[in-house]
């Protein structure tokens, strides 16, 4: 499980652009939970994800995953437990390499790499099996270059890569935002399916309230660097977008003004 | 891809078909130089002139093939191979690396090395007398003892001598080492200032100003390529400037007891002619040009001396072969 | 062209093929423009020469030279990764420093190797005619290095290195220590380069401190030319292209040297190199459109 304690970070300290992106956030995510995180631009949700992933170091606070204090661990070290999907479909995969080569790199994420051949029959077999779950036919194109795949196919591949090995945590960084609606829908459904099947603790950042409520077990809304709403269980199940907006209004005293949040 | 291979093969085939257009009596001399600084080209011209003086005229009964490696060692090796494959009568190699490249490329084609200061150290030959093998030649070892004696004669109070040279040139290294040995024996100090390219020559000179009583250039082709800049520094600061070569005295150094690169080339031609006439290179003793009594003459540049505030003693002037 | 010049071109091409392979690792695999080779090539020559004239076994001397080259690569990696100096500048700094270091190692600008025992002389007596011994030895060495490199780039670590160069963010997110990969890659590449320098010096009969000048251009001509002529995405083909590119480059130079009737002189070699690289970049497969020339990034 993930424990975020008093995590805070300030950008451009001492300049006119100083921003307290996160203000001493506390958050505990139990094992196996699918958490969605929403908030308007500047709310701090991407910052939080980057801190979890290791691309940013917080100024204060601690991040623990499964009792390990990973606060200052570099990305590559914590990726043995934490996998990440990016918004840009070109970032999560290596488009110059083939599908099976990408799978091979991802397969070794949670175990030490050595000097044996990377693409063994075992890797091929496991890769084929996992890719078949997607239902996109990628398992029959293992040696194709990834540059031939569409954005949606790449995200689907990245999703499979993120679940290989003994991954404990999956971070989703608006991973459907750059896709067309049909592909976005497909990838989201695949995500839900895969995450449920392997029981991976998941944190999904999204700008779409609809998506945040439709998927996952728990929703947290960030506003100006702190947690403003935290709903789960039956309370959450019956929430509509309007309910959320009203809750926000009551809590913060202003209304949510982001079209992206409402319409996305 | 195959298009390119065919094109390459075709041009190779064409080049293999090129036939030499000279008559039977024509001798061929292939000359390789490591680079084409003016002084080294003077050597090459000297060789051609020297051959002409001895009856071998380019175009009539002599074919000359000159190639410079432009400082590129891979190219030097390919030029060496190219020459050996053409089986000239003699290969003349100018400078140490060129000589090494050619020596490594053949043990049959006669080679005459020139402008190599220390051919024993460079392992181009094993011994000067009767070197054996297919290589012989002339060393341009600077007569440092005579040079230093001349400098001390003109500047009796000399205590510290500055040396400007390019540290990547082996010939200069040898001469500098020799001068440092002499300094120990004759009781003066040396200060070195290096210039890695001709852009740094003036700076190297400026670094010595005030620290030395005079500056000496050990026949360094890099320094000679930018010599006027060094002369200006010497004149502006009234620091006496000496070299080991005649042409540079003409260009503004005070005096030398030496030869010039053209003389080097002409002396080399003598070796070439002996090989034309049937002698084996291994039987021809290698020599130091400085040992040839006709080669060393005293040259003085009076105007330069005055500009640097030096009065050349009459004893020197009266011995001078030429006063510029 | 004589047979002798032809064989000579093959030998020189093979000797420099190792630098091409090294530059393939840095420029192509790691996307790290590494100019350290201008210093690590003569470093290999200097170290091996100094050891050879001290009587050390040629293979031991050459191996030590390779290790020295690896360290040169590590220095560049350190400057780039820990001191945050731009990669191309870091490599230039190392190359500049190596110039002085090489002079120190040799004690003087040039060491003659003509009557010294070399790796080539140890290979005599194997049964091949003496004039083909260097060619055979070089062919074996280059083939071996190429095969080992092919194998390595297909191992778990090698694949990780390829990912680190192609998409460092993805590689990091997949557990690859990108910094370590750069260290290893630069080490291997400069080790190969120093190997090349040692082999070339023993072939040329001397180690000279100026030997590194122009090496990077030759290596790039081989890599670019080779991979443009043989576009294929497999590692095995790409490394073969580098080796062939190096050999073809030398054959082209040998042809130019021989073509007195065209009016080309040795001084025109630089132009020949530039033309070759330009042709290779616009070889079949590339678009002649304006956007292609303006270089829209399609990495």
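We call the chains A, B and C, going by the order they appear; numbering starts again at 1 in every chain.
One rule holds in what follows: contacts are C-beta pairs under 8 Å (C-beta built on N, C-alpha and C of every residue); 3 or more make two chains touch, one makes a residue touch a chain.
Keep in mind the model is a prediction, meaning the values are calculated, not measured.
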Tell me the shape of the graph of touching chains, choosing from line, ring, star, complete and other. line
Where is the C-beta contact count highest, in terms of which two chains? B-C
In angstrom, rounded to a whole number, how far apart do the mean CA points of subunit A and subunit C lie? 43
Measuring from the mean C-alpha position of subunit B to the mean C-alpha position of subunit C, what distance in angstrom results? 32
Would you kindly tell me how far, in whole Å, the mean C-alpha position of subunit B lies from that of subunit A? 71
Which stretch or stretches of subunit A touch subunit C in the complex? 53, 74-77, 79-80, 83-84, 86, 91-97, 101, 104-106, 108-110, 113-119, 145, 161
Mind listing the subunit B positions that touch subunit C in their complex? 1, 3-4, 8, 11-12, 14-16, 18, 36, 65, 67-82, 84-87, 96-97, 100-101, 103-105, 121-124, 126, 167-170, 173, 196
For a test of understanding, state which residues of subunit C touch subunit B in their complex under the given definition. 1-9, 12, 16, 99, 103, 108-110, 112-116, 200, 203-206, 208-211, 213-215, 218, 229-230, 248, 250-255, 257-261, 265-267, 269-270, 283-284
Subunit A partner contacts - residues on subunit C that touch it in the complex: 152, 154-160, 162-163, 166-167, 169-178, 233, 299
